[in-house]
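Letters are used for the chains, namely A, B, C and D, taken in the order the chains are written, and counting of residues starts over at 1 for each.
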Amino acid sequence: MQLGIVGLGRMGGNIARRLTKAGHACVVWDRNEDAVKGLAAEGNTGASGLADLVARLDAPRAVWVMLPAGGPTEATVTELAALLAPGDIIIDGGNSFYKDDIRRAASLIEQGIAYVDVGTSGGVWGLERGYCMMIGGAKAAVDHLDPIFAALAPGRGEIALTPGREGRDKRVEQGYMHAGPAGSGHFVKMVHNGIEYGLMQAYAEGFEILKHKDSTALPENERFSLDMADIAEVWRRGSVVSSWLLDLTAIALTKDDTLGDFPGEVADSGEGRWTVMAAIEEAVSAEVLSAALYTRFRSRQEHTFGEKMLSAMRFQFGGHTEFKK
Amino acid sequence: MQLGIVGLGRMGGNIARRLTKAGHACVVWDRNEDAVKGLAAEGNTGASGLADLVARLDAPRAVWVMLPAGGPTEATVTELAALLAPGDIIIDGGNSFYKDDIRRAASLIEQGIAYVDVGTSGGVWGLERGYCMMIGGAKAAVDHLDPIFAALAPGRGEIALTPGREGRDKRVEQGYMHAGPAGSGHFVKMVHNGIEYGLMQAYAEGFEILKHKDSTALPENERFSLDMADIAEVWRRGSVVSSWLLDLTAIALTKDDTLGDFPGEVADSGEGRWTVMAAIEEAVSAEVLSAALYTRFRSRQEHTFGEKMLSAMRFQFGGHTEFKK
Amino acid sequence: MQLGIVGLGRMGGNIARRLTKAGHACVVWDRNEDAVKGLAAEGNTGASGLADLVARLDAPRAVWVMLPAGGPTEATVTELAALLAPGDIIIDGGNSFYKDDIRRAASLIEQGIAYVDVGTSGGVWGLERGYCMMIGGAKAAVDHLDPIFAALAPGRGEIALTPGREGRDKRVEQGYMHAGPAGSGHFVKMVHNGIEYGLMQAYAEGFEILKHKDSTALPENERFSLDMADIAEVWRRGSVVSSWLLDLTAIALTKDDTLGDFPGEVADSGEGRWTVMAAIEEAVSAEVLSAALYTRFRSRQEHTFGEKMLSAMRFQFGGHTEFKK
Amino acid sequence: MQLGIVGLGRMGGNIARRLTKAGHACVVWDRNEDAVKGLAAEGNTGASGLADLVARLDAPRAVWVMLPAGGPTEATVTELAALLAPGDIIIDGGNSFYKDDIRRAASLIEQGIAYVDVGTSGGVWGLERGYCMMIGGAKAAVDHLDPIFAALAPGRGEIALTPGREGRDKRVEQGYMHAGPAGSGHFVKMVHNGIEYGLMQAYAEGFEILKHKDSTALPENERFSLDMADIAEVWRRGSVVSSWLLDLTAIALTKDDTLGDFPGEVADSGEGRWTVMAAIEEAVSAEVLSAALYTRFRSRQEHTFGEKMLSAMRFQFGGHTEFKK
């Protein structure tokens, strides 16, 4: 089927490629002209702007917006809404905050336009492996787009089906899921990313404990010099902590077990923050997900005001001098 | 080759079975006579006691102790040491504290007995899938036991080799690793379990946030009723959070997505605690691993003294009455 | 001077009392007629409704709203705004979210009405000890209300002045502070409460560790049976952890060191949550303040879905049976 | 009465001074001869070594050891034990690990020597304000030393007695407490310091949130530029978070509200670590005390291996480039 795609970065471009390969017809646009030309050369139809993109699609139209969350997505959705007609569908495949989805869907439906939010996991590996998708929106629109989702999803592959799933939604087994009304797709993806932060931090802390087992602060007969890359590799094979993130960790550690190329200043996207905020709204204790987020905050600072205050208090009550040299 | 096995519970019994299937000759003993009889009927040699077990092995003997950490393991290692001769090997395959391994190895080597500690991951699935093993001890002893480890390990299987491993230790690719001197096997396994706690807690918090998204405390248009089992299943397929623990979670949620059979009082084994203590000794910040441990502590109490103290303070300063009804 | 007071609960009533005692003239109203009658009998002027209250004040009028944050405060501020005239002042002395203050102040100033937000600490002890106040709003309005604030504040008392404060704002030394524009008063109060959660939790954890030092899980020669009330009392005298919260803790523990009247289900007001959300917005790591909040969330549940999931995973990989009895 | 004091640093020297001022006779020694000379000039008797110090005391002798915990204290206690006679008392006033106290007391009592452990809080202010003391040891020895403790303690002063204490141990009201058998004094002091870490961290996080409320990452109308020193000062006066630590914070912030002299690398003494370890032994959830400890660990590192691992994983799955510049 036909699909318009706006935003041809790392994710949007690969989505177009995967769809084209599966026989779908993509009309693509990006403010970066080279990206449009590149994809046009790969069999997609390049558009010269949003209006042109809309004009090149047959009704009912479906346009996938794959842009940074916040301003860029908001502006594009608004502009598209003015160009589209009742019966058309806007898909937000980025990382929007789910409350923005709820608001947009409620507003667009008044114009007869359906809004579908798709949380997409798989990163740079998605082109090859397929994308795991969590989808929110009205049933009719999600069903209409099914060929698109089926082509983007990884499919059953070699991953065994969980026992007892007989008779349940087949789409889930292909790697995509209609989670509920608009916003629910990005909500599930948001929590997915919150969990991802937690998993990453669990590995990071564990490997740091392994790494520093050779610390001279320890008694000499209790020190071990451990091989980080071998540990990651062996755990991939039959252990309880095996996972895709561990596979990736093994790749990084095998390349350079000092990880010397990375300074250790770790970015955070909105989803980690929103997950903690959702936990607070629901009065759910989310110690691990919060701690994982805070570690990233801390990683980007040299020293915090709070730490200086600790030193200042220690100086006041104990005469401990932790002064600048 | 020949191996003595002491302790025929869930783990020890399956280890004997997997070794016998691979053509090794196991002499087994347990204080539970039925366990001995059962394994004897499956082709192992049953012994009537530790002395008998030792007598039935040819020198140099190797005895695998698979008992609960602490008292039972300590007593058996001590008793075995008195029965064995220089050149023999004691293997502790349980979950001993690595400092106990260091102490035991130093003491046994004075008698010429080698001590090998094996951290074993794989749980009840190990019989079929093989065991991931982290091994500490002197090189000669570990090399001597290689046929045993090779038979217990999962082998390469379908898990792709990490790029760049060419020329590195082949055993690691089979799922077992000689980590270093005595104690290092259990140390790596200990951190493995610490990470396991963290991973489990990350999923647990995430699913709890998903579950309570239908809370009536939320604005009505922001509530979703989400399908826990479908979410677990879809994330197994192409998402960043896919893992073996998620596979197992999907099994549990597909069977009963309320998890109503489980009261939620979660045990902790020594390794989670020791991992946090190791972090403190090394001055490593282990927020996530600690929080995962503390959640288990808290899960086993009705209400804590600390929580009552919070209520008491609130009553004192604010007149807030959080009294017993 | 004259002040209207709306909301005569524990806080509003005592504020009227303290002001009357200081010679100010309060016109009071509450939807609870008995509360109005009671305060009228103590020398305040009772009003029969908001309109009557406004009518009984001379311009420029000042009305102190002391109601639960959210709906009740919002409704009253809106209603008052319709009754008041340019030059009048609305004071929100409750625990409003500071972003609501910012919004309200921006809206009211278009009508010429000033909005002042006052974060008030001191609890049920404030009548006697005075209230610590953190004030946000335009300078003219805050200055106009100074006699009110001065009467409510504790005053210098016996608390020594911090060295180096010569020449700084004298109001601060009396226990009240003009923090900045509208919203800043409640923001500072919000963080105050976030810190309060953290301090309370630090004591709660410490006393719980002291309490359980007699646990039979410990080696017999490492057990102590410690006197909670004596420890609280002795720490009030010269120790680094002395504080007003500890004074209150000592009162509670001296009365009943089992705290048996308190079930341990601890409420949380909005401010603890908002503080964590503010930390996230600012990318500040707030481990302790979050943990203190989460402990309260957890205290109000029997068992969490997350904990059941941990048991379910343990059953899946290890055969650990943590089933319902 | 007579007291030997070994270790004349910041704490030991002031203890001698406070005792001499109260009419007690101190025999002092330190390996630093100038410290001995200085205190001799202030009315104490200087000794030339441990043997000389013991020789200058009348039986039953009491010697207060005020040295760094671990090696120095252990060596001195051992040496003293060889010089003393049955009926004598060794007092460890430092920050020893309470399990060392239990061990030493059990060993010394075989020689008839009593061992008393004194946890001492008050820091550099103790000379003037007195020391809060938590004492462990046999009743006879603690009672014998009462004149010493009474002179070191702050006394009742102006701190009101907690209601309901009538008929309870009067020593507690003077600021010292016989907590229980040997080790219990240092155990209570250890938890005291654990709480201290938590309290400090709560303030530190709160002030950091206040400080960064002017961050340009926030919407412009939600930014406040707040006065740190004024906030600390106002909270000292009637607020729920008033405490001695806040008094000290106010001093530091009034002097320099940027705290620019402090780099923010915060040391930790053993007691914070031991408190968390005690919590783990007792299966008590100690989120806040752990987080406070971990913050200090983290403050002393530039970037952690764990943080680099997070970047490495992000690069692997998302192509996120957080490389070294």
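The rule we apply is simple: contacts are C-beta pairs under 8 Å (C-beta built on N, C-alpha and C of every residue); 3 or more make two chains touch, one makes a residue touch a chain.
A quick note: this is a predicted structure, and the numbers were derived from the prediction, not measured.
**Student:** Have a look at B-C, A-C or A-B and name the one that copies the A-D interface, over half of its contact pairs being the same.
**Tutor:** B-C
**Student:** More C-beta pairs touching across which pair, B-D or B-C?
**Tutor:** Result of the comparison of B-D and B-C: B-C.
**Student:** Centroid from C-alpha atoms only, then distance chain B to chain D, rounded to Å. What do you get?
**Tutor:** 39
**Student:** Just how far, in Å, is the C-alpha centre of chain D from the one of chain C?
**Tutor:** Their C-alpha centroids are separated by 31 Å.
**Student:** Averaged over CA atoms, how far is the centre of chain B from the centre of chain C? Could you give it in whole Å?
**Tutor:** About 47 Å, centre to centre.
**Student:** Which residue numbers or ranges of chain A touch two or more of the other chains?
**Tutor:** Residues 123, 201, 203, 205, 208, 212, 240, 244-245, 251, 283-287, 291, 294-295, 298, 304, 306, 317.
**Student:** Can you name the residues of chain C that touch chain A in the complex?
**Tutor:** Listed in rising order, the residues are 240, 268, 273, 276-277, 280, 283-287, 290-291, 293-295, 297-298, 300, 304, 306, 317.
**Student:** Help me check something: in the complex, which residues belonging to chain C touch chain B?
**Tutor:** 10, 123-125, 200-201, 203-205, 207-208, 211-212, 244-245, 248-249, 251-253, 259-267, 287, 291, 295-296, 298-299, 303-320, 322-325
**Student:** Which part of chain C faces chain D closely enough to touch in the complex?
**Tutor:** Within the complex, chain C contacts chain D at residues 99, 102, 106, 121-123, 126, 129-134, 153-154, 156-159, 162-165, 168-169, 172-177, 179-181, 183-184, 187-188, 191-199, 201-203, 205-206, 208-210, 212-213, 215, 217-218, 221-222, 224-227, 229-247, 250-251, 254-255, 275, 278-279, 281-289, 291-292, 294-295.
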